[in-house]
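Next come the structures, one after another.
Two complexes come next, and they have one chain in common, chain A, joined by chain B in the first and chain C in the second.
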Partner chain A sequence: MTDNLLQDLLRQRGDSGRFDPKEALPTRKAEAWKYTDLKRLEKFGWSVWLAEDSHGVTAIPDAALKIEGAINIVLVNGFLDRDLSALDHLPMGLSLEAGPASEAYGDGFTDRLSDALTQEELTLHVDAGKVIEAPIHIHHITWGADADAAIAHAARVTITLDKGAEATVVESHVTASGNGFTVPSLGVSLGENSRLGLYSALMEKAGSSQIGLADIGVSKGAVLDSFILSIGKGLARREVRLTMAGERGEAALSGAYFGTGDALIDTTTFVTHGAENATSRQFFRGVLDDRSRGVFQGKVLVREGAQGTDGQQQHKALLLSAQAEVDAKPELEIYADDVQCAHGATVGALDEDQLFYLRARGIPEAQARALLTQSFLIEAVEHIARPAIRDVFRDALAHRLEGDLV
Partner chain B sequence: MSLLKIENLSATVGGTEILKGINLDIQPGEVHAIMGPNGSGKSTLSYVLAGRPGYEVTGGSVTYQGKNLLEMAPEERACEGVFLAFQYPVELPGVANTTFLKHALNARRKHQGEAELDALEFVKALRKKAKELNIPDDMLKRPVNVGFSGGEKKRNETLQMAILEPRMAILDETDSGLDIDALKLVSDGVNALRSADRSFLVITHYQRLLDYIVPDKVHVLSAGRIVKTGGKELAQELEKTGYAAYEDEAA
Partner chain C sequence: MATTDTVERVSALEAEKYRYGFSTDIEMDFAPKGLNEDIVRLISAKKEEPEWLLEWRLKAFALWQDMPEPGWQKPDVPQIDYQDVYYYAAPKKDGPKSLDEVDPKLLETYAKLGIPLKEQEVLAGVEGAPRVAVDAVFDSVSVATTYRKELESHGIVFCSISEAVKTHPDLVKKYLGSVVPYSDNKHACLNAAVFTDGSFVYIPKGVKCPMELSTYFRINAQETGQFERTLIIADEGSYVSYLEGCTAPMRDENQLHAAVVELITLDDAEIKYSTVQNWYPGDVNGKGGIFNFVTKRGACRGRNSKISWTQVETGSAITWKYPSCILQGDNSVGEFYSVAITNNCQQADTGTKMIHIGKNTRSRIISKGISAGRADQTYRGLVRVLPNASGARNFTQCDSLLIGDKCGAHTIPYIESRNPTAQLEHEATTSRISEDQLFYCLSRGIGEEEAVALIVNGFCKEVMQTLPMEFAVEAQKLIGISLEGSVG
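== the complex of A and B ==
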């Protein structure tokens, strides 16, 4: 253990990357980290997982999402495991390769951290006009030799859909053993008129912390349907940068989160409209219980000339306990005049009329509350356009809630 | 023994006294109708019996099956067989109708010390009852009452009643918002449930419903009191004379 966790991690990698020699983890004084305290990371002495290390994962853990007919790709501690992954007989038009990590996405702390820690990059490519029917499920698994192990790792996944291509990608994060400090990054490029379903499930254990980044570009006429299910028990921050780069692009960016214990769930989105007549839809729902905290920072920027932009953002949170907290910061910045943009953020408690209706049918109050909580979150899950994925996410959410509420 | 005995019941809502000494004695198997003008306290009575928070009992008693009903939580009343068909059924976005009914039925079975129903058995029983009420499968899968028409909502309430098999069913203006076909369907559903040990309290503004669900007794409620009690012919009389005479009486 050193007094500077960040420098310790960089030393283990043998390269300080784009960090100053004395730079430390951001504190709450930094605007982007105002609501998310990284102090809990100091509870562990993290070891960076290196290419030569070997893990003991012999099968996909039970905790992982099960998606019927999916092409399972398994990354353990940031590295592709070829034995556990279904790399043979990939459908025509889909290629998957692991290689040295490429360049950064930006200058933010998370960008630079992911650059410094990422050792391997998984590249997924769909050829022009090809439709990949089977969902591609990328499993991110943290494995430690024992329960006290503290493993730091960073995986980078790059997804490219060429013109007119179609695919469904699920990326899920689970802890098999030990504790993980994970910095996954996702670079996504949707070519002209391509269609991508991109679904994330963050389900890590209580001692884990994740600071993740997704950088997504949507070209002309392309359609993105995306969802983030954040139901882990530790810290989970997901930064999403979505750029509407081509006219008539459509993007849905939705999510549901549920916090218990001292979980901290942070969703930070930045949607840029840089082209005409593009549409973005954000629909987020969160429920916080115990002492858990939720953070939603959502920004929509409409650049000059992005006429006809339609950008909507909604975030609603329910607090189930007096100690739970949510901080929501919606922002709109508009430099074009012919636009439709709106954002809404509410925080509340359960609806008393609904609660009474359930109780009047004999359902005990605690169970009625659980049912309403679940339905509140499921309204967000219903936004998932792919029915098979929607079902899996709905079940995962119900399972997580059952463990805590009923 | 009475199934439900209300004695000198008074209640306030938000500090305003709405019920001012209600007396009512319902024997097993009887159908009682309560008629009255808007604002007479009909819905308040139904909510007080179901235990809705915010409806404060300030005097009197309600004895159900020999027990003090007012001491029970709403869910306990339901599990003991009291059922309120809501005038305005509540929408539950995200809760599938089937899931809702299963939770409700299993809560009751658990309360009675019975095993929870097997999912397959339940769906079979549900489909059969739904078919009788002309409720399509699609409505069972959809979230409770969301996007349902007025008639669909009332049919759905009747379906819940058929599944839960209450002993004391309170129908709060079940006829409001129904066209004649839906009214007939809902009434048939209710009539099918009539039995020697199940009682009904039918609350309505109009006599029309009572052509289909024929009551044993009719009470006129006005300004928080029952001002007249009679047989089924009282409903027809009210249809002709209106409530004006009783409003004067109460005042």
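== the complex of A and C ==
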């Protein structure tokens, strides 16, 4: 253990990246980390997983999402596992390669952390005009030799859809054993008129922490449908940077989260409209129980000249316990006048009238609460455009709620 | 009575000046430009302040020197040279000799607002005018004194803060800095060190103030200072409505305004604080103009108490303020109604904070922002519900209207809840004036500028309705005028 966790990680990696020699993890004094305290990371002495280390994962863990007919790609501790991945017989037009991490991201803390810790990059490419029917499921698995193991790793996945291509990608995060400090990054580029379904499931166990980043560019006429299901029991922060770079692009960015224990679930979105007549829709729902904490920071920036922008954002949260907390910071920054932009944010408790209605019909209180909580969150899940994925995510959410509320 | 004395003395001075026909002002007290501990001591000494207040000022000054300039705001604030400012009774600058020397644009505005000539002179700072100003504005001095007498009959204290330090030291000592401590922020800290003017209001138990109080009526205050400090205390079961500012654009030599306003309501008391701010915004290119950096905060200390802020902000080059409510008493209510209009190169970063501490506390925020020209404006707000604030309720609505493609409008709300029974709602929209509405007006023969004013007034209606009647009428006109040149 050292007094500077960040420097300790960098030393293990043998590269200080773009960090100052004395720089530490951001504190709550930094505006972007105002609501997310990284102190809990100090509970463990993290070991950075290196390429030469070997793991003991022999099959995809039971905890992982099961998607029928999916092409399963497995990354253990940030590295592609060729034995567990279905790399043979990939459909025509889809290519998948693992190589050294290349690209440097932005200047944010998470960008630099991901750059510094990432060792391997998985590149997924869909050729122009090709439609990949089977969902591509990327499993991020944390494995430690024993229950006390504390593994730090960072995986980078780059997804490129050429003009007119179509694909569905699910990326899920589970802990097989030990504790993980993971810094996954996702670089996504949607070519002209391409269509991508991009669905994330964060399901890591208590003791784990994730600071993830997704950087998504949507070109002219392209359509993105995305969803983040955050039901892990540790710290899970997901930063999404979405840039509407081409005319008439459409993006849906939705999510549902459920916190129990001392989970901290942070969704930080930044949508930039840089082109005319593009549409972005954000729809987030969250429920916090026990001592858990929910954070939603969502920003919509409309640049000068991005006329005809339609940007909507909604975040609703429920608090189920007296110790739970939710902090929301929806933000609009607008420099064009012909726009329709709105955001809404609410925080409240379960509706007493609805609860009374159910109880009057003989449903025990705990079950009634679970039912209402579930229906509240499922409203967000319904935004997933691909029915097969929607079903899987709905079931995963129901399973998680059942384990906790009933 | 002190007031009458002052009036007489002042009138005498006026007469004398007239007799000799020259216009050099003789200021008895003034201190050189710049800020140091001696200036702070001088201010305190001139005001014949007690030791504790001097110490308080000195502590503030010491802290201020080490405080960094805030950097989180959206507006681009130029470096302020604090040493280039007069902190005590600046010697008079030569004002315009008559209305002929006043910027014709300003006069045009006065005409549109229907301000009488005599009053225009006062507002434009024409030499010789100010001393008789109060009479001109309010018919006669006797009006002000009559009001004062009536207030006194109810036991209401309404005087300058310096006077209150002498006449009501216990109240001032108890409440000054209790809502906005001197360490609050850089500008409030500066104010604590050097404040020279401002109002003090105390409404005794169970008294409903029979009239709207306004700085206007306080005849000692025809020149609002740069570092005003206002303290209003509403004791149990009392009510007061306080008006600040003026709809007519005020000519002012001071660029930096760092005022502090503290409101305190005890059990069952209510304060309604309305502001119309129309300081000089600078020219169309943003040259000149006032920096309006104000810290306004109210504490609902008592049960069932209420504080309501209403502001119409149309002036100043930079407006930077967040009138806030600390809802400590159970069932207390905080309200914030705001219209902010920025045109040309104006910048505004304004909003509110509602801190829910007591049970069943309620807050309501309605903010309407209109941005035109190359202006930039931000709503920044915080709604925080602490763990004990069971049953807390908040509703927030922030709407922004953009006129033209070179301006910006931003919304930055912070919503923090730590109580499961609290209910918070926030909604914000940004759009431009609807083509349909504009077309509708134009096709009925209403000119474009008039149509814009009409639509904007409709957009702001919810806030305007909360203004006291006579203020509201003028504020409506003001909206139209502020937006001139923003279309076509």
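Just so it is clear, the second predicted complex is superposed on the first by the 406 of 406 C-alpha atoms of A that agree within 3 Å, B and C clash if a C-alpha of one lies under 4 Å from a C-alpha of the other, contacts with A are read in each partner's own complex, and residues count from 1 in each chain.
One rule holds for everything that comes next: a residue touches a chain if its C-beta (ideal position, glycine included) is under 8 Å from a C-beta of that chain, and two chains touch if they have at least 3 such contacts.
Predicted model, so just to flag it, every value in this text is computed and none were measured.
Of the two partner chains, chain C is the only one touched by A:D337; chain B is not. Touch criterion met: A:P364 reaches chain B, while chain C stays clear of it. Judged by the touch definition given at the top, the superposed model places A:V326 against chain C, while chain B stays out of reach. Of the two partner chains, chain C is the only one that A:A349 touches; chain B does not reach it. Measured by the number of chain A residues touched, the leading partner among chain B and chain C is C.
Touch criterion not met for A:E52: it reaches neither chain B nor chain C.
For chain A in complex with chain B, the residues that touch the partner chain are 352-354, 356-365, 367-368, 371-372, 374-379, 382.
The residues of chain B lying in touch with chain A in their complex are 50-53, 73-75, 77-79, 84, 86, 89-95, 99-100, 103-104, 107-108, 111, 143, 160, 164. Interface residues of chain C facing chain A in the complex, by the touch rule stated above, are 72, 385, 387, 400, 402-432. Here chain A touches chain C in the complex through residues 31, 35, 304-305, 307, 317, 319-349, going by the rule given at the top.
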